[in-house]
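Before anything else, here's the structure in question.
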Amino acid sequence: MRNDGRQPLQLRPIHIDTNYLKHPEGSVLITVGDTKVICTASIDERVPPFLRGQGKGWITAEYSMLPRATDQRNIRESSKGKVSGRTMEIQRLIGRALRAVIDLDALGERTIWLDCDVIQADGGTRTASITGAFVAMTQAINKLHSQKKLSKFPIHDFLAATSVGILTNDQAVVDLNYIEDSSAKVDMNIVMTGNGEFVELQGTGEESTFSYNQLQEMLKAGQDGISELFELQKEALGEEITGKIKK
Amino acid sequence: MRNDGRQPLQLRPIHIDTNYLKHPEGSVLITVGDTKVICTASIDERVPPFLRGQGKGWITAEYSMLPRATDQRNIRESSKGKVSGRTMEIQRLIGRALRAVIDLDALGERTIWLDCDVIQADGGTRTASITGAFVAMTQAINKLHSQKKLSKFPIHDFLAATSVGILTNDQAVVDLNYIEDSSAKVDMNIVMTGNGEFVELQGTGEESTFSYNQLQEMLKAGQDGISELFELQKEALGEEITGKIKK
Amino acid sequence: MRNDGRQPLQLRPIHIDTNYLKHPEGSVLITVGDTKVICTASIDERVPPFLRGQGKGWITAEYSMLPRATDQRNIRESSKGKVSGRTMEIQRLIGRALRAVIDLDALGERTIWLDCDVIQADGGTRTASITGAFVAMTQAINKLHSQKKLSKFPIHDFLAATSVGILTNDQAVVDLNYIEDSSAKVDMNIVMTGNGEFVELQGTGEESTFSYNQLQEMLKAGQDGISELFELQKEALGEEITGKIKK
Amino acid sequence: MRNDGRQPLQLRPIHIDTNYLKHPEGSVLITVGDTKVICTASIDERVPPFLRGQGKGWITAEYSMLPRATDQRNIRESSKGKVSGRTMEIQRLIGRALRAVIDLDALGERTIWLDCDVIQADGGTRTASITGAFVAMTQAINKLHSQKKLSKFPIHDFLAATSVGILTNDQAVVDLNYIEDSSAKVDMNIVMTGNGEFVELQGTGEESTFSYNQLQEMLKAGQDGISELFELQKEALGEEITGKIKK
Amino acid sequence: MRNDGRQPLQLRPIHIDTNYLKHPEGSVLITVGDTKVICTASIDERVPPFLRGQGKGWITAEYSMLPRATDQRNIRESSKGKVSGRTMEIQRLIGRALRAVIDLDALGERTIWLDCDVIQADGGTRTASITGAFVAMTQAINKLHSQKKLSKFPIHDFLAATSVGILTNDQAVVDLNYIEDSSAKVDMNIVMTGNGEFVELQGTGEESTFSYNQLQEMLKAGQDGISELFELQKEALGEEITGKIKK
Amino acid sequence: MRNDGRQPLQLRPIHIDTNYLKHPEGSVLITVGDTKVICTASIDERVPPFLRGQGKGWITAEYSMLPRATDQRNIRESSKGKVSGRTMEIQRLIGRALRAVIDLDALGERTIWLDCDVIQADGGTRTASITGAFVAMTQAINKLHSQKKLSKFPIHDFLAATSVGILTNDQAVVDLNYIEDSSAKVDMNIVMTGNGEFVELQGTGEESTFSYNQLQEMLKAGQDGISELFELQKEALGEEITGKIKK
């Protein structure tokens, strides 16, 4: 039994509220246990300099936490005048992951900005961000598609993420909360597509190491957990958009 | 009639949801029409260097907007590496306003941080922040008081704010939304206490000026609007805390 | 009697030395008691990006203090690598105030930069900056006008500023010096035009509040004080330029 | 056959020159094909604030490239005034990896700084940095041990890293050079200990994905490659130090 | 004849106005032709970390130009967020030069900050800064000495500086104005003490070179010019302080 | 006898290894005693904004030290977020010096970047950088010349630098190592051309001064030392390139 009463391979309660905000082209509030992240998708009809003139689009992400998303207040990165290494790592991960399921040529010369702002944190904020950002991005792209601005629907598969880990009792678990994450021997983030392929694997022994067998155990736990997330994404997006992705 | 159907002296629908987040000592989501601000209060058992050793507390505020709180996405201040002049002006205003109704000596040598994060903006974000932050601050201070950490309840009055302005048709109005604010000839923010005193007045002709009579008209409109806000704050805080303030 | 022997509604001795520097298109040294500010106006034949191609001009201001303008040496903002909130607030105020009396369309697509550098500070540096910057700006614009670069003289009124406040003895006073300003219960900056309209009102209770009656008292004190400043500006600019403004 | 004539599972020629510089407590020049990295270890008799007073040590790493380590000159991060997300990710990885094989309590309250400066880059700079930094760190710690400053030898296993990937022809390969890395469908960095445990796995589909079978293939390729690196590390460190680690 | 009618070895008109500002412990306005620099000396009863506890003092300088000190307006370094290389070079030079004539042990554990702010520039701002800062520093130190805070008067010689150069017509000249400086083939700054010793020599061929004979010519011109500056410094400081230095 | 056994006018052993790195257009490792600097030259087919459209080229330099080039580890300037005054002074000196021997018009509208990265420091890093950077720059320019991209060979003379100084025993010496440099009364850097002209002279009394006679002694020592450096540069560049320079 885990510290919050879950089974090892049981996810926390998860909700994806769509159209959460008024202005963005796509927006969700994703809730994973006590972790809450606002994900918005903004369409920008320009691309970064390195892509200009190639007729190709771009997906990029930014991640932040409200100062009091956590138990102790954190100093704002804007006050410090720089973005931390942890934040950069996470936003690079989110953008890279999303780019794996989209045909950037079919997107055309525009950028989708995904902003993931954690308003309450209890572990798993980066994987919740990826899972929520996929939905927000899909909504924004569907808006472009409905406006006939895209030659085809450029998203070719679902994408979701969860964390897995090895606790101090050597139990492999899925979807770690903050207390579990702080003490786990191994922490791994897994990003997968709807057809069961891997997009990212980031496994880290925390002043510890892990064996080949433990790796296999974690991969299995992650695959099962992520398949549940796809169902929630489909429900949030509705049948019509789901149909466009699977086509 | 105004662009959203209101009377000149009518506020937008306002809600103050308390205990909005799990970690902070005080937190509210304040909704003023389509403007939504998360206000949290965090207790820090230290004071800034200039106050150390004086047995006196401090109240300070930070303000930010999510990148897509507005119609067009804004670049994050953390990415720019600096806080804009507008943000600094607003957070200085919020902190200064709140300090007017609290006895800093009775607070003891600790700081209350108020974080006002705008998740959706439609005009009046700074006055909504003040009105909401007062509630969050009071909750945090009540927590200290309930824990017997304070010799007396240090907040001696209510505090709320609204905007008033002169529209292009020379009509004085209260609680301007974004469209009104963008075109108004004069924009004034008023912060008042429960007993009808002024704390801050910031009136600005936008490439325009205003007469003594227009000033009086705006002051009157602001006083009426703010008195409604006090009722909402009392409701949000409940009778017991309201009683502590009025004592 | 005030700490420097003045009557409540008496300004300090004020001088405006024009053509103080060789290079700028307009420059003054304004002296208000022991407060001394160099105000220069520089013409830049470009406008900021948000105005390009609209045939409209811009007025912007920057404000700074020499490190030893004050009793204690201040660290330079260039050494700190960032401009303080106080500085930003002041320079935004100066620019906004000046824009209220100029027809930006008639200025044409160019920017006037007003630099206000305080070489000695004894209270009231921001209002002295506005009063002095108006003269420097008018000189620079007159230079453009004399060179037939403007279709008409774009300044349509005088503009000046002073501070008013409520001292600890509840006396309303005008033009506070540093000692008064440090202990005043209320501090208000008033910017007005030659025809008696308000441009900016910024009143602040310093850990204190003020009543409606006190506000009226301060407004009256400010109006009287500012009317004296207009006479000094006219004298500094001379009859010819004064005539162009009033026409 | 690969673009430089290697077999899929063949590493590039690798050399580890020890005692490369005069001042540091440990220093190597590691050469992996055309990739050359100077790794130095510096002993600092202090720990970061979060560890003070706990009698525990710390390992931290910094990574940089000379501007012309690459085919195109890069702007220095010191000129840009900030460290890039890529650099932060790499230096966090290096430090975290090294901490997995050292007993920080036995190190005592001191920090070892590992500086990895790439003087020539041809792919695999982060894995070369880890492999080289392990040797530099071990030398520095051996110096402390020889001076009787440590109760026991705190490094309990070898640590090395390599990259694996899936090329466009679906071939799994080890130790990718720059040309391979730029076009690979999948890129994975593997950090392992001498006893065959994993410390870090970071696998990324580059606008692509990978299957469970491809993952297994890459893991196998990485394990074989890394085992060769341990032999080179032992040779570089010599029998005596190798004996201390294995004990 | 030079462009302003001077002889090759003739300085521009020079004035040193002492006690120019109210707050600093020492302050001068030095005028060298059209170059005007405010030099202030501030006493700080602390020393930088590297000197703490050694009973020794420190002299440091900062240099800046008002944005419109020059013909074209310069962007403020505070707005750019960093100090330019040129500014750093100059302020390091001023501090180093002044330290050559003061006994830092006799100063005791305190710092004298010299702030040199150019309000109008026409060449030679760094040498004017040194010459003026010497006077401001001496006044501040004399204040300490008069207050019996120093065991002895720690300044043991006068210090002044000028520029010399080789014009395009191969003429060696002293005290170059801006037009001369912009086109000179060689530019050299010379800092000397009252007893004829050199403190700093910084000679630079501007996309050009200079011969041994030209160097001797410039040294001679500089020595003559600087000896006139000592007379002006003595006059500015008065007989009593001059006597303390020479003793 | 000096602390390392040298005669007063004897240089340390010096080596210039050319083609040290694979990517840059020119690269050397210059070794002066225990000082080791990697100098690379990179061709950039653009010029800075102030030169655009003039058909003229530019030479610019950047200088840095690895953190552990020195006895104590230095914090990286990229981590500090700013380049120190010392670094800026040195890189401005290197660029300015090199520009004295090249015809920028004949270079055409392109920039040569010289990067001087000190991997081990024992005094004289700036003069070693100049001497090495000249060789790297010449190689890069020879590459352009061999590709027929230049109308003529634009370098018209050799350029090298050394340090001279006055030790505490009043002995004038050449090429000071770190221990000598730290305690010397006077330190002077001399940059000269092959035909015996001066390019830069930077002499500094370190809390000390120097006489006219000492200056002459140092100049003589520098001239002799530098003439040996030209021989090493010629050897490193080879006869063909040497011939192009002398022509």
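Order of writing sets the labels: A, B, C, D, E and F. Residues in every chain begin at 1.
One rule holds for everything that comes next: a contact is a pair of C-beta atoms (placed from the backbone, for glycine too) under 8 Å apart; a residue touches a chain by one contact, two chains touch by 3 or more.
Just so we're clear, the structure is a prediction, and the values are computed from it rather than from any experiment.
Student: What chains do chain A and chain D have as common neighbours?
Tutor: none
Student: Express in whole angstrom the distance between the two chain centres, defined as the mean CA positions of chain D and chain E.
Tutor: The answer is 51 Å.
Student: From the mean C-alpha coordinate of chain E to that of chain F, what's the distance rounded to whole Å?
Tutor: Chain centres of chain E and chain F, defined by C-alpha means, are spaced 28 Å apart.
Student: How big is the gap, in whole Å, between where the Cα atoms of chain C centre and where those of chain D centre?
Tutor: It comes to 60 Å between the two C-alpha centres.
Student: What parts of chain C, by residue number, touch at least two of the other chains?
Tutor: As it turns out, chain C has residues touching two or more other chains at 81-83.
Student: Chain sequence round the ring, chain A first and chain B second?
Tutor: If we begin at chain A and move next to chain B, the sequence is A, B, C, E, F, D.
Student: Across the complex, what residues on chain F touch chain E?
Tutor: 82-86, 88-89, 91-92, 96, 99-100, 104, 188, 193, 196-205, 207-212, 215, 219
Student: Can you tell me which positions in chain C touch chain E when the two form their complex?
Tutor: For chain C paired with chain E, touching residues are 21-24, 27, 34, 38, 40, 42, 44, 62, 64, 66-71, 73, 76-83, 87, 113, 115, 117, 119-120, 122.
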